[in-house]
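Below are structures written as structure tokens.
Shared chain: chain A. Partners: chain B in the first complex, chain C in the second.
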Partner chain A sequence: MNENKPICLSAKGVTKIFGVGQHKMRAVDNVNMDLYVGEVVSIVGESGSGKTTLAKILLGLTKETEGEIYFLGQKRDLRGGKRKKEYWKNIQAIFQDPFSSFNTFNKIDSVLLDCIKLRGDGGLPKEKKIELMKEACGFVNLKFEELTNKYPFELSGGQQQRLMIARIFLLKPKILVADEPTSMIDACSRATILDYLMQLRNEVGMTVIFITHDIGLAYYVSDTVYIMEHGKIVESGSADRVILHPQEAYTRRLISDVPKIHEPWDLSTV
Partner chain B sequence: MGHSIRQAFHSGKFVTGFVIFGLILLVVFVYPLFVPAPPLEIIGQGTFFEPGVYVNVYDSIGAKQYTLNLEGAAEKRIASKLSDEDRTAIKEWLVAAGVAEGEIDPTNTEQLLEKWFSMFDPAKKIAGMTNAKRNYYIRLNSSIQGLLATEGAVLATKDPATGALQEAGSVPQTSFVNVAQVPNVRILPLGTDNFGRDVLTELVAAARVSLMIGLIAGFIATFIGVTLGLISGFIGGMVDDSVMFVTNLFTVIPSFVLLILISFSIGQEKRGAFTVAVVIGFTGWVWTARAVRSQVISLRNRDHVNLSRLSGHSLFSIILRDILPYIASYVMMAFVLQISIGILAEAGLSILGLGPRTTEVPTLGLMMNWAMIYQAHILGKWWAFFPVILVIALITFSINLMNTGLDQVFNPTLRE
Partner chain C sequence: MANVVLEVKDLTTKYITRYKEDVYAVDHVSLKVEEGKSLGIAGESGCGKSTLALSLMGYYFPPLYYTSGEIIIDGLNISGMPADEVRRTILGKEIAYIPQAAMNALNPTRRIINFIEDVVKAHHPDTSKQEIYDLARERFALLGLPEDVLQKYPVELSGGMKQRTVIAISVILGPKILIADEPSSALDVTSQKMVIKMLRDLMDGGHIKAMIFITHELPLLYNVTDQIMVMYAGQLVELAGAHEAVFDPLHPYSKGLMGSIIVPEEGLRSAKLTAIPGTPPNLKNPPSGCRFAERCKYVRPECKAISVPLQESYGDRAYRCIIPEAELRGIYANERE
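Take a look at the complex of A and B:
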């Protein structure tokens, strides 16, 4: 654990309720979490456990029904476009489906130019901007010359996800929310994407919130793991503690559900 | 976008609609180049002249005359002069005189006249026939004899001093003129209307005005509908609630009733074609707003919208760049449909007498209104209203066909 490091983002009693009356559904239920600067946190759970909703609340894309979120010790206030813009300079995201993450009507350059503008470098001369974009593309091993004047849907899923990381490289936020960034990508590209992510984290020193249903992956990348079930955090702690010595039945089930190559897959717990 | 347009032309329905609509547009814009006369010019003295070629009689007499000996010319002349009433009267007399009813065919002029000449005797008394009726038959007989005369018509000039007529020449029955050599010939393919105006010229102008009305009304309705739908769908919350409140209000009041009330309150003198188009546009946006709103709601939580928000784009820019392009094809289809709805609404309003004021431009609805007021449908003057109905039907049919075709292209689940 990184208890000696300062707290970067913390959630206090965050709840999100969808629907009204009989159809009321607590997607996120009284979640408390403290994220320390520079650590990698995984939120693990099955589909529908509220991981993505929680991620969107942390990102400020969805408004929480109850609870407070503190960013760098101060209560988060997202009223007004200016405050939001300031917040989003510090927190960014990578989404699950690379094919639906980009506006298919805009060329790739505009995605990266938007980031340069958001970081406050909109006034730079054109050559400088191109240099920045080249550097960002180079980081994820994409050739900027091949990307200009192309549309996002002309790239493969892996390339699009790398472009997403290039965005983060340009913005260098304090917190990155990665919402299942590798679940739509084949296993070979997956390692590359994770590799770039971790490299970027080490370079920038940002906090990464890693949302996944793959507990093995969570163990591999993260310092701290939160297990989520039906909108509630059922278990949390260091990755070693939670995954190697799980306390909760749900966590044990999640771990046993991972297929292992050398053992027959026990489907009785599914 | 270019790909979608090419795709559209692979749809049979779209192509059919496009061709029909294109032909209508072509006629509407090319016809005035050949017939530049103002469409509301009154050329005929009298109402409802039948469709046909009108040749100036005075010019025909003066034109070069040719002699053509054609067989059956006299019979044709008589056949066209003998009215239906005369024919039935002849038949009645023959039946009364003892000819079997089955033997008489009133439409066969030759046979009818043959029987008439062999049987008719002015002195013969038929039981139950009044004197007046007998005199009618004597007059009829002499007029038929006159028709059979073979000498031509006499042309006479008037002596300016004495006023006496003097024979200047004659027009024999075998005399013909070449229509191409007659200086004044007017073809009225659809005759004239109740005011004596050329229906075809009027119809072309009316189709153009109606299309303009449809276009303006469609544009206004789509613009309002899309704007409100985008705002209420994307922002949600209170804004959505208040916009939907207004939209629901408009939904429960039938828009045509609203249209009638607004048109009536504007007053006849202030209603130009443009005003009517604007009024139609302002009452027709409701379903577009609802449909666009539901599309936007399904779009607003997509990742590319979230990414755009995270990139610090303003609300306005997100709606314009990340939402609108995704529903552009749908908006296009709604717009096309709104044009046809606008044209139909104008026709409906004008038939009720609530259309544009009648002095400036014709519209399809106004032409129907005039035809109805002057009872063209009762008098059997089909050319005054049937072509108008056909044009309205063709325009809306082709637009709806194009819309269905586009739907198949943009919505692949509908493809057969």
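Take a look at the complex of A and C:
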């Protein structure tokens, strides 16, 4: 569907095996995926299906056992700190638990300052840096003046998640991996977080990978949906196709397990 | 008129902070749960849902204090009862509570059967081990849990299984009412469905007479409960049947909440999610008028001046807004067009 767009990130036969001998566990099993520039992709699966491991591999936080990852047509090479740093300028993440995503000892302005340094603007004059930070905080409706002397734990979960988005706004990566960005916050703030993420995506034009077990969310935000079961991708395609007209039995079961409001929820099929 | 299992009249409870400030986290809440019915409580984080659940049990320990109001469980008034007595005579027997982190509530060094022994022995000290085992086995079979779970340690169970085990243990004495505080928010959809099925079975099998279900997941609430109560900043802002609360909310806050529902159904992608701007007020010094006024789209000058009473509507419905019902409906209808 996005065939005319260039490929941003692609995984070829990516496998991750944990454990040795008889305790071998294939957490991610021969995953192939092509992500196009500007596309929003969701990886959906139950707990333990390997979606977070896959996200970590894409991020370069975990090394894959087999397979290759191509970033903008080039085979990814993460040997050495310099190459990693360069890679992380292009790919950034938002994690599930906002309360543990920040270093507790760093004040919020230094969190944002680090982002400016990472993107290579460390040499700017101080006023310019503050202006940049203000702009980023303004984007997510936080007041920079109130934040400067605070530590991350003094903010609520929703505010921390918004601060995370402000970081992404400063870094403007090519790819964003959002690992369950809304599962720890309530349904009302969820809409706010999604709004900011989608605005940011439109502004920066980045590729977003959502890792989620919330099928409704995947359907709402994404162009393409991948369904994962036991480390394998069992079904993929456009969101409308996969969610509304699922082909695989597993996908159908997963979707029938979600409580809906216009259709009856059949409890007898557990 | 069906038998009322739980009746709460004007319940107010407060937290006293370290700096001796009073925070009224549950502010004049009245509710009624009839036999065979379930009540859902919805609202943002920090609106007082969990505090209300704790207060309903009558089991207060600092920093939570009882201020005023009445709690009547099946004709028995437990308001003002000392915490110790509540623990011995009410908890587990009359009212059972499943906390949010129920999965972490099990001591990892003990087997599941030991927890059941504890619960039963605390209330009926002269029960023999064999009797307890038979009771547990029978109850587990009834709820579709495998018998070998009884001899296992908590770490050997999956998250969904642990949650269901905790529910089974908490209702072993046949309490009249079960309070479930976000029992499924840490589970994936399939385990969630199993937990909900189990709660339904408990209701249908007559093991519990009524249920209070707390969550912020509205589609879930809609499917599980008969009545939905929306809370905002410690107050009840809307009470309605599940269907009306979701499809025909009256209070602007409930309206906003219902606009943030995400379900994988046709038409969702074209619908715009509505987020409510702003944050809830600080309950240390709540605004004098309507507490939602700061964030309300339809705010009027008089909203901030007078305290808004709960307005009765037809049937069991009630909402807390100064705009009359017909006018509110008119505003919403205009918005749709």
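Details
Everything below uses one rule, namely that the second predicted complex is superposed on the first by the 264 of 270 C-alpha atoms of A that agree within 3 Å, B and C clash if a C-alpha of one lies under 4 Å from a C-alpha of the other, contacts with A are read in each partner's own complex, and residues count from 1 in each chain.
Here, a residue touches a chain if its C-beta (ideal position, glycine included) is under 8 Å from a C-beta of that chain, and two chains touch if they have at least 3 such contacts.
Quick caveat, the model's predicted, so the values are computed rather than measured.
On the superposed chain A, the positions of chain B and chain C stay apart, so the two partners fit side by side. Contact with chain C, but none with chain B, is seen for A:Asp257 once the two complexes are overlaid on the shared chain. In the superposed model, A:Arg83 lies in contact with neither chain B nor chain C. In the superposed model, A:Arg190 makes contact with chain C only, not with chain B.
Judged by the touch definition given at the top, the superposed model places A:Lys150 against neither chain B nor chain C. Using the contact criterion defined above for the overlaid structures, shared-chain residue A:His213 touches chain C, although it does not reach chain B.
Touch counts on chain A: comparing chain C and chain B, the chain ahead is C. Judged by the touch definition given at the top, the superposed model places A:Lys117 against chain B, while chain C stays out of reach. With the two structures brought together on chain A, the opening angle seen from the C-alpha centre of chain A toward chain B and chain C is 80°, to the nearest 10. In the superposition on chain A, A:Lys5 makes contact with neither chain B nor chain C. Once both structures are fitted on chain A, no C-alpha atom of chain B lies closer than 12 Å to one of chain C. Common to the chain B-facing and chain C-facing surfaces of chain A is no residue whatsoever.
Residues 302-304, 306-315, 321-322, 325-326 of chain B touch chain A in their complex. Residues 46-47, 156-158, 185-192, 194-195, 213-220, 239-240, 243-244, 253-255, 257-263, 265, 267, 270 of chain A touch chain C in their complex. The residues of chain A lying in touch with chain B in their complex are 56, 59, 61, 81, 84-85, 88-89, 92-93, 95-97, 100-106, 111, 114-115, 117-118.
Those residues of chain C lying in contact with chain A across their complex are 44-46, 159, 187-194, 196-197, 200, 216-220, 222-224, 246-247, 256-257, 259-266, 268-269, 273-276, 279.
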